[in-house]
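Each of the next two complexes has chain A plus one other chain: chain B in the first, chain C in the second.
Moving on to the complex of A and B:
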């Protein structure tokens, strides 16, 4: 009798709890694309209209990264401003895995900006912050929110609350006026830090974001200055006979790679900023220029026509001072110049010439696979965002120099707004206004 | 349990019946002659063993035959005695003349006869006693046999029940196996068909991030409702890239509900699915 009962029990157990390995299905391919994200306009408790639409800035940032596709405002179902107001079942229908809501209220002389990021499918909050801000800082606060969202969703730091330096040339009455400018990474809030009737060139950020090195022709020849942004104090660091150009700050902030022609023709040197000692890196009868550091600070890439046509080479500069023999990195095409190594050290971005077109291309340094990222004609001066996800570069549109950005996969290209003149030689600054998640 | 209790109470009823029968037997044996007493005894026994009535019937028949034989023997002995008596009477009639002499002889004969009669009586008594003893012995033996039979019956019952249970178990197992193999066939067909449908739907919903690289792989464990709705998608093996892992989770949720066979008995095969996401095939 007992046995019968046991048997029935066992049978029942076996039927309700089958011991079966889970089915495994392999998914391949998919569609390469940006993740949709719902960014709802933030609520505002104050009287007057705000100077900045924070949600719009966040949406633009995330879009520019290439990783996200913010839903058009018209597609938003409702306007929740905090978690409890979100009806996740409704939002799931839109297919965006994430939703950002927020609200702003007056606080002291400024604002308190609150935002929350939710997982739409799980109905859970992923992250959320309250950030104190002011009317002037509202855009920066928005960029900081973008950074926090980007970082938590991609696992990589954001680079929206950063700045770019670039040169503009405005011609009035046949006279040129050059400016060195610093703006938010999205091109907003441009601030000229230097005006000059003579050309300004090649800005390079110090790793701490406090100083800029650049070339000025203000004394009718090329010289290299280091400019402190806070004190507005300038130091002339290279003024040798001939060419003084293309400064590039080392990752440790102690050295400046540059090009000097004091010994006959343009060669790469490394200047120790503290003791002004100079180390010669290249020695060839050809032109060697446009040095750039690898992120570890142990190597330099540079452009050289030693092989007949401009190509990018690499040298090691070990601590003992013995420089390795230059090694050629680019082989595809007749013209590859202005090499920049990505912050992760994996890719080399350059200006790739093909016929009369010069476009931004990226080369994978492990398999040397070259991809062209842009579709314009005269691209120049690529510079990586500090997180390596976006590249800023200069190009020409309707005979006018403009700044543009492209995501590393080439999927999202965007021109930065610009009021007047030609813009060129952008340099992306380091991350300094960062809220640690 | 109730059935077991019932079988116990049945045993108790039997025991009571046996005791009543034995007491009745005691009462009867005081008044009646032993040769008839065996009858109710056997009836009582036949009331006990229901299942083995044939055996008991045979036993009773044997006992009856034995009793009949004993009775015949006793009658034969009496008859022989009568035959012995007759010539002696004739002899006395013939020798009536010699009465005096013979009277003593006759007296002696009478005494002798009485003596013989007494002896015969004693013999008869002894025989009866033996018969009684034998009868008691037989009753005892019958009791023992009955007990043995009862034990045997119980053992057989137990064996039979166990055999039945084993047979049932085997039958159930066989049925289960048959059902399983039918289900297996159905399930294999469903697995083949719906794996493809599910794969296609999830694939359509997968937005690969720009950070996806060849060689990346992310495994997500998905738990479904019977309607194919994704209850839970959990990354069990990360690709190392957060955006990639998130895109994988999102793909599964966006593909919800996943296509499942209409036959809900096949749901067990789809309750949990491991999806392995790779950028390249």
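Moving on to the complex of A and C:
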């Protein structure tokens, strides 16, 4: 049912001309184990300046993944735009095993973007594509190229043509305005999809990337909405007595795990979105919250203080069976919460607290080895990129809430700084419009 | 207060007399009935009550004999003016100071059955937002439970949590955090 909001403002997705990012990236970490790669600025046949420097976007994407170290532009000996123009003997001197060249030409109302990836030592082409694009889509095309290069060189899917959802709060004259926004994973093209005078929390993407579930306090208490991004329609899906929060979409898109306190204290439930049936998962006098799915949809991790302080537990929910007894997963540190399982099911990222310090940590689920990934002190809300290689999270820098990213090996870090207010609660969306290699 | 006493002085003797007569009333319930009968007699006649019965002016919002009563919830000098209870980190236990405030408000709520309160629970920013939402609710429920223990009917109370989402102090240190760990009593 569509709910009318007094202060609801929904903006369109179409942008007629390039917009400078309201979230700017600042890469702060090193790339010790990253593989050098030469990415040469693309050629351009047309008259007007292009809206996007495609090679630069590709270089930034690959660098952000932690797996690659693009050579500085100053080190590039020459600027070939296609295979025959490359003198491989010269390039071998630089030590980069791979080189990316490309060119763009006008085509109809848009462009034709061609790129090729070569093995420098063998002098042979690894892959190459010609992609139709437009001024508006050029940045997304660059991200798709990054995904293709990343996948063919690492064997793993890329996560560059993806989006993040996040909440911002801007305070003016002591009044707060909260917004739910969607931006490209590198912080560009931020688009607000909801404005509210009341707090918003915990956005969660549907697996098809078409909807967001989130918590809104617009009616003076916590309630869960599902918001269709294309139609802009919202459904109120949880509004029981007490808390309605922490929505987590199941990998098959059929269910929403969530937290309700209607039965006395916060417990985990699973809601079948189609038929509205509710399955209770936990039953204890403690706080049970923050459910997260394993990639097979058969288990939930969640935060519980049944042992005294918050720690992360796991429970099996077989389709037609009985929910298993929760099993504790975290044993290090006095506070572990907001557990998220990686897309390959092998790691658990979390907010890890020691005293007053809260950092992002990742635990290997096979040997329980825990690694702390950040060195700030008020970190929260980690979320995995769909390829599991990067984690986005929220933190405080100079008294401002900002979003940051760290590669899974902890090597590369970035900070995304927005122009105004605080940013928080990031959720990394699924890959969309993927070109299969 | 004086006016109350005046009223009591008229009513209490009647009550005592009425009360006194009944236990001994193995034999005589009569005095009560007599009393009522004699009081009622003048009114059965069409003439207004006279002969020693003093009809008091109807109370107007609690104002008697020109003395103004202050709304106890707005009286800055009273305990009822305090509408925030504070908590220790990661705790929903009501400490001594908070207990006094809760008890004062409980008494006031019992006295005013039409008065309703929303107990708004909050937490400081440390740790995860969702856990803090639950912690805020625990705190509000702790206040609710204490009030219920003191006799406040459940229907006069409402519980809501804002977790860490509505801090009163946007700072990131112990002072700010202490101010944000609270339950606020909101009266409509």
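Assume the second predicted complex is superposed on the first by the 403 of 437 C-alpha atoms of A that agree within 3 Å, B and C clash if a C-alpha of one lies under 4 Å from a C-alpha of the other, contacts with A are read in each partner's own complex, and residues count from 1 in each chain.
What we mean here is this: a contact is a pair of C-beta atoms (placed from the backbone, for glycine too) under 8 Å apart; a residue touches a chain by one contact, two chains touch by 3 or more.
Predicted model, so just to flag it, every value in this text is computed and none were measured.
By the touch criterion defined above, A:187 lies against neither chain B nor chain C after alignment on the C-alpha atoms of chain A. Using the contact criterion defined above for the overlaid structures, shared-chain residue A:80 touches neither chain B nor chain C, since it reaches no partner. When the shared chain is aligned, no partner comes close enough to touch A:429: not chain B, not chain C. Once the two complexes are overlaid on the shared chain, A:326 sits clear of chain B and of chain C alike. Contacts of A:247 after superposition: neither chain B nor chain C is touched.
In the superposed model, A:23 lies in contact with chain B only, and not with chain C.
Using the contact criterion defined above for the overlaid structures, shared-chain residue A:201 touches chain C, although it does not reach chain B. In the superposed model, A:154 lies in contact with chain B only, and not with chain C.
Judged by the document's definition of touching, no chain A residue lies at the interface with chain B and also at the interface with chain C.
Of all residues in chain A, those touching chain B in their complex are 1, 3-4, 7, 11, 18, 20, 22-36, 66-67, 92, 95, 97, 121, 153-156, 389, 407-409, 411. Looking at the complex, you find that chain C touches chain A at residues 90, 125-131, 133-135, 137-138, 159-163, 165-166, 170, 172.
The residues of chain B lying in touch with chain A in their complex are 1, 3-4, 165, 168-169, 172, 176, 191, 195, 198-199, 202-203, 205-212, 221, 230, 233, 241-243, 246-251, 253-254, 268-281. The part of chain A that touches chain C in the complex is made up of residues 171, 199, 201-202, 217, 220-222, 242-243, 245-246, 259, 261, 265-266, 287, 289-290, 303, 305, 309-310, 335, 337-338, 351, 353, 356, 358, 378, 380-381, 396, 399, 425.
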